[in-house]
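Same chain, two partners: subunit A is paired with subunit B first, then with subunit C.
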Partner chain A sequence: MMGFWAVFAELRRHPSAMVGLVIIFLLLVMSIYAVIRIPYSEAVRLWRAGEVVWLENPRNAAPKWYNWFGAGLPETIKIETAAAERTEERVGESTKRVTYRLAFDFPYKRFPQELALFFTSTYTTVPPQLVLSWRTPDGREIPLGTRTVRGVERYVLSGDSTLLRRLGRAPEESLFSDPKNPEQALSGRYELVMDVYTFEPGASLSAKFIVYGRVYGWAGTDHLRRDLSIGLLWGAPIAVAFGFTAAVGIALIQFILSGIGAWFGGALDILIDRLTELRMILPLLPILILVGMLWSRSIWVILATLLMYGSIGGYKTYRAMFLQAREAPYIEAAKAYGAGNFRIVFRYLLPRLIPVLIPSFVLAIPDYVFLEASLAVLGIGDPILPTWGKIINDAYSMGAHFKGLYYWLLEPAALLMITGLGFAMIGFTLDRIFNPRLRSL
Partner chain B sequence: MAERSISAKETVRDQPNASQFLLNVSNLRLYFKTTKGVVQAVDNVSFSLGRRRSLAVLGESGCGKTSLARAILRLLPRNIHTFSGEIVLDGVDLMKLDEERFRREIRWRKLSFVPQAAMNALNPVLRVGYQVAEPLIVHFGLDRDEAFKRAEEVARVVGLPVDFLNRYAFELSGGMRQRAIIAMALITRPELIILDEPTSALDVLTQANIMNSLKKIKQEFDVTYILITHDIATSSELADEVLVMYAGQLVEHSPAARFYKTPAHPYAQKLMASVPTLREDKTLEFIPGQPPSLINPPKGCRFAQRCPYRFERCAEDPPAFSLDGGGVARCWLLAR
Partner chain C sequence: MLENLKRLFSYFSVRSFLLLFTVVVAIYLIIIIANMGGYMDKIKESEIMEQVYNTVRGNPALQRLSPSELRAILDKQIEIAKRQAGLDKPFITRSLEYLIRGITLNFGRAEQMTSDSGSNQVRLILLERLPHTLLLWGTADLLVFFVSVFFALALSRRYGSFIDRLSVSLAPLSTPPVWFYGILLILLFASFLRLLPYGGFVDAPPPSTTLAYVLSVIKHMILPVLSVFIALIFSSLYSWRTFFLIYSSEDYVEMAKAKGLSSRAIERRYILRPTLPPIVTSFAMMMISLWMGGIVTETVFAWPGLGRLLYDAIQHVDTPVIVGSNVIYGYLLAITVLLLDFLYAALDPRVRLGGARRS
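Presenting the complex of A and B:
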């Protein structure tokens, strides 16, 4: 039996295994980082919260690194009244006018995605009012109308149909367009001027202006403005845990069951063999879909179903190997000195075939990672957890590939492929190490 | 062959004082089912063995030596046709014990075994020391450390360097593995050890070494051996008694001193004549023909086909005749 370090030393001689180890190491680091950085409950809350939590993010924004390749996509700009230039003037007995100049640099050629103002006002009877106007870098001034702000409000300029009608074009485009080239944004310093009228002493209004860009974070956002990085990060621990648990669980149960069946033989052997044959004609995917539809789509239920389904498989091959190993002289010797059946099975019979077991379960891990993703893509994945499969499912159902939002599909797909690749590289090398006959191949 | 030598009558017939013997086998039959028919591997074998005696079981390949050992150990294959008779070990009738009691009370507590393929009889995934110690852990519930200490003691007795106990079986030479197996057989201090070809596949020096160890062990541990071998020269080193089998039957059971000088049964004589000697210049003899098939063996004496002294009575089954100087043999020539 090779020790761990002997196997590791052997692995080091294979570059592909080292690449695989590095990939798995990075995956583990990513998983640990995800779990520590965003606790489980927080991840679930963020992922399931819907648009409210993510209001300040752009919708369907590409990852920031798109700009490294010269995409020139605008980033999101946020300006708050608290940080803006402010002039105050008393215009009546209790009427006060505060002028805010929300100035920002817009160095992009592409138009922003949306424009929105978030207000918070305090008053007792008469709500504050405001007059908005827009100043472009070339000195034009465009009035944007007046508003009354009652409490907490959101005003989406880009969605204002009155404004659209008046400007003749979507506000986020017409306000930014270059008069010389209307299809391009004019870069330079813009200003949103807010004249806030308060009619009571103590009344106030604060605002935050957001110019939504078209890039966000390292992973981009989806149709619900969610930060994909949360889903991608959290997908790693879920994929690895699911794949590992399923693969190890199934391999071990199959292995032990086969060992016991082959050792005791007789009725037990026949029973397991028949169950295996029964299982062979039962299709996995429809069973999982049924369980998902009728019972629960929790990842644990799926895992349990998978364990039950998978555990009775593999008997045919393992049995053949165990039947051969059972006749080994040292097993007879163990029997002769009075070792009990379970001692023989667990100390003598099973360890004999561990070299076959280890590569097979390492190779099986990506299968289950992919299975979980496939279920999610089919819409029967866990509805709560952020997983790679679910991101692909969202992207697919929202037509990401038609809209050119390739990052949305390709990021989770790439992570899945890299995961599979890492385990496959190690698995094949382990197979070579443990099954020396393959070495010459 | 001094005061404890066993007379012919005692050997064959029921003993009033059976406890004098460690092992009493009577009318043991072990038949196997095969696709061609029933193989009578051990057919009606009876013998007794006293305490602290060594019995060499001789015979050519396929004569049922190993089957006899397996029948006593109850290490049986799955295709059993008949397994009957009586095996009394230290006053306990083994045939009446169920599998679980046999495992707990007999195996390795009273009876241990050094298997034929000793080279492969060690688990490749366990350290040798653990395996040597394992019977103590299984049968006496000793903890690991204590069992290991005992394993070290036994290893010293059999001449296995103590640091070898930390190795795996594949790191040991054939002789060392054989010693490890013998150590394993000794560790529970059983009364009877069955050695199935303990020195086959080893070079002569190692053979001699192991035979000497076995002799030493016999003195130190007060054990009784059943030594199964086809190597007559080796058996002479250790045996107090010799049991010769032919075609599944016992043909002669004699004290060693007499047997090696003057074997009684014609088959035993031929067998002895086939052994090369170092100094005498003699033509080695062989027995023409081959042993009969154990499926439907011939009636009467099974050796008759190949026997130079064959006569009419050989068509009948010969009973066991007691011999001068102790022992029994099944041959009509010895009828008086």
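Presenting the complex of A and C:
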């Protein structure tokens, strides 16, 4: 039997196995980083809490690195009244006018995605009013109308139909368009001027102006404005944990049962034959779908079903080896000193063949990672946790491939692919190391 | 020869019988799983209610009654019908009844879905989709099988060459499932290059001439078949080449070489022949996993087969169709196993002549 270092030395002779090891190491680092940096409850909140959390993100935004390739997509700009230039003037007995100049640089040629204002006002009886106007870099001034703000409000300029009618074009385009070339944005310093009228001594109004860009973070956002990087990061620990648990669990169950079967033989053999055939006929994916549909979509229920399915059959893989090992002299010796059946199976027979188990279980890990993704693509993913498969499912069902939002599909796909390849590269090499028949080939 | 055929037949019938038994057990298990939440009962109950409603509504004598009187009659009738259908019997008796319905694919009516011809019989919906699935996966399976055997043999001939080592190191590429490559191919050929359709079975509206129809179907089959091919070719090349290498290092091959037989004859008679049974077994395993993977692949390609049906049934939460799909997949797997068993028997002289040696 080979020791760990001997196996490692052997692995180092195969470049593809080294690549695989590096990939798995990086995957583990990513998983640990994800779990430490964004705790479980926080990840679920960021992924499931609803629009409130994501409201300030652009919708379907590309990742930031798109701009490295000259995409020239605008980033999101946020300006708050607290940080803006402020002039105050008393215009009546208790009426006050505060003028905020929300100025920002817009160095892009592409239009932003959306414009929105978030207000918070305090008053007792008469709500504050405001007059909005827009100043372009070339000095034009465009009035945007007046509003009354009651409490906490969101005003989406891009969704205002009166504004749209008045400007004759979507506000995020018409306000930014270059008069010489209307299909392009004019870059330079813009100003949103807010004249806030308060009618009571204690009344106040604060606002945040958001110019939604077309890029966000290193991974982009989805149709719900969710930051994809959270889903992609958290997909790693889930994929690794699920794949590993399923593969180890099923391999161990089959290994132990086939060891017991080979040791006792007899009527058990016939049963094992039938069970192996039964498992070939039981359609795994449809059954998982059935369980997911009728019972629970939780990833743990799916895992338990998988383990149960795995324990039905698949004993034939290890059978021949056990039958051979059964006849070994040291087993004979154990029998001679009067070791019981279970002692022989668990102390002598099983440990002896563990090396055979390792390659097959390493090779099985990516299969289960992809199985989870398959279920997610069918819409039976875990209802709470973000997984790579679920991101693919979201992207696919929202038509990312029709709309050209390639990053949305390709990012989780690339992570799945790299993970699968990492485990497979090591598995194939281990197979060649441990399987003497393949060793010379 | 006749003796051989007879033996083959008896072997085949014993295997079929055993398999049939296994199929029954498998379907029973599926039904138990489906009924854990009482879903089979629910399917049956809703069917009974619909029948009762229809007979009561269709009865002119009852139409004058007030709604509350009608309600009372309905409730009573439903109660009687339920008892007649045996819903008050213990679960064991009921489950056996469901088993018979399952084996005969008699799942009653779908809750929401209909077949293209407008029927809502689950059996008809399933059978309508079956040919599409068989067409796609049959084509893909055969393509992968013949291409792999051909090239694996060629690789084993060039053992240790650059192309051989390359194909061995590409084997991990078979880890992702078919649908995964499907999505990538759709992105490349449909979204980006706009050369091939995103999915579906034929163009809409379907072409009127037969030739154009066939061509359109073929055009829609290119991407799914290609993704099956990419997803499977590397691992089957790798493992089948290894089989060939193992068998070509046998002593009788050396002997044949020493006799001076042509390499073609050696390959056909001494290498290919004994290697075929393990290859057929590994092909069987591949096909079984393909049937399953077909569910996601057909979904991704919007291919109107059984897999897509199952996906649609999930979207509609149409339980009778979901249970029916499970059972029909069980049947498909059993038929695959039986077919390959038969092929195995025909290929392996030990099985074919096994009876002769004993007598």
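Here is the rule we use: the second predicted complex is superposed on the first by the 437 of 441 C-alpha atoms of A that agree within 3 Å, B and C clash if a C-alpha of one lies under 4 Å from a C-alpha of the other, contacts with A are read in each partner's own complex, and residues count from 1 in each chain.
The definition used in the following text is that contacts are C-beta pairs under 8 Å (C-beta built on N, C-alpha and C of every residue); 3 or more make two chains touch, one makes a residue touch a chain.
These numbers come from a predicted model, not from an experiment.
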Combined model on subunit A where subunit B meets subunit C, clash or fit: fit
Quick check for you: in the superposed arrangement, does A:343 touch first (subunit B), second (subunit C), both or neither? first
Applying the touch criterion given at the start, work out whether A:91 contacts subunit B, subunit C, both or neither, answering first, second, both or neither. neither
Of the two partner chains, subunit B (first) and subunit C (second), which one does A:278 touch, if any: first, second, both, or neither? second
Which partner does A:401 reach: the first (subunit B), the second (subunit C), both, or neither? second
Contacts for A:36 in the overlay, against subunit B (first) and subunit C (second): which applies, first, second, both or neither? neither
Per residue count on subunit A, the busier partner among subunit B and subunit C is C
Three-chain overlay: angle at subunit A's Cα centre between subunit B and subunit C, nearest 10 degrees, stands at 60
After the superposition on A, what does A:152 contact: first (subunit B), second (subunit C), both or neither? neither
Between subunit B and subunit C, whom does A:267 touch in the aligned arrangement: first, second, both, or neither? neither
Per the contact definition in the header, classify A:52: touching subunit B only (first), subunit C only (second), both, or neither. neither
Could you state the shortest Cα distance, in Å, between subunit B and subunit C after the structures are superposed? 10
Contacting residues of subunit A [partner subunit C, same complex]: 16, 274, 277-278, 280-287, 289-291, 293-295, 366-367, 370, 373-374, 377-380, 392, 396, 401-402, 404, 406, 409-410, 413, 416-417, 420-421, 423-425, 427-428, 437-438, 441
The subunit B residues in contact with subunit A across the complex are 73, 75, 78, 103-104, 106-109, 112-113, 115-117, 120-126, 134-135, 138-139, 168-169, 181, 184-185
Complex contact set, residues of subunit A against subunit B: 1, 265, 328-330, 332-340, 343, 347-348, 351-352, 354
In the complex, the residues of subunit C that touch subunit A are 18-19, 22-23, 25-26, 29-30, 33-34, 36-37, 39, 159, 169, 171-177, 179-180, 183-184, 186-187, 190-192, 198, 242, 245-246, 288, 291-293, 295-296, 299-300, 310-311, 314-315, 317, 319, 322-323, 325-326, 329-330, 332-334, 337
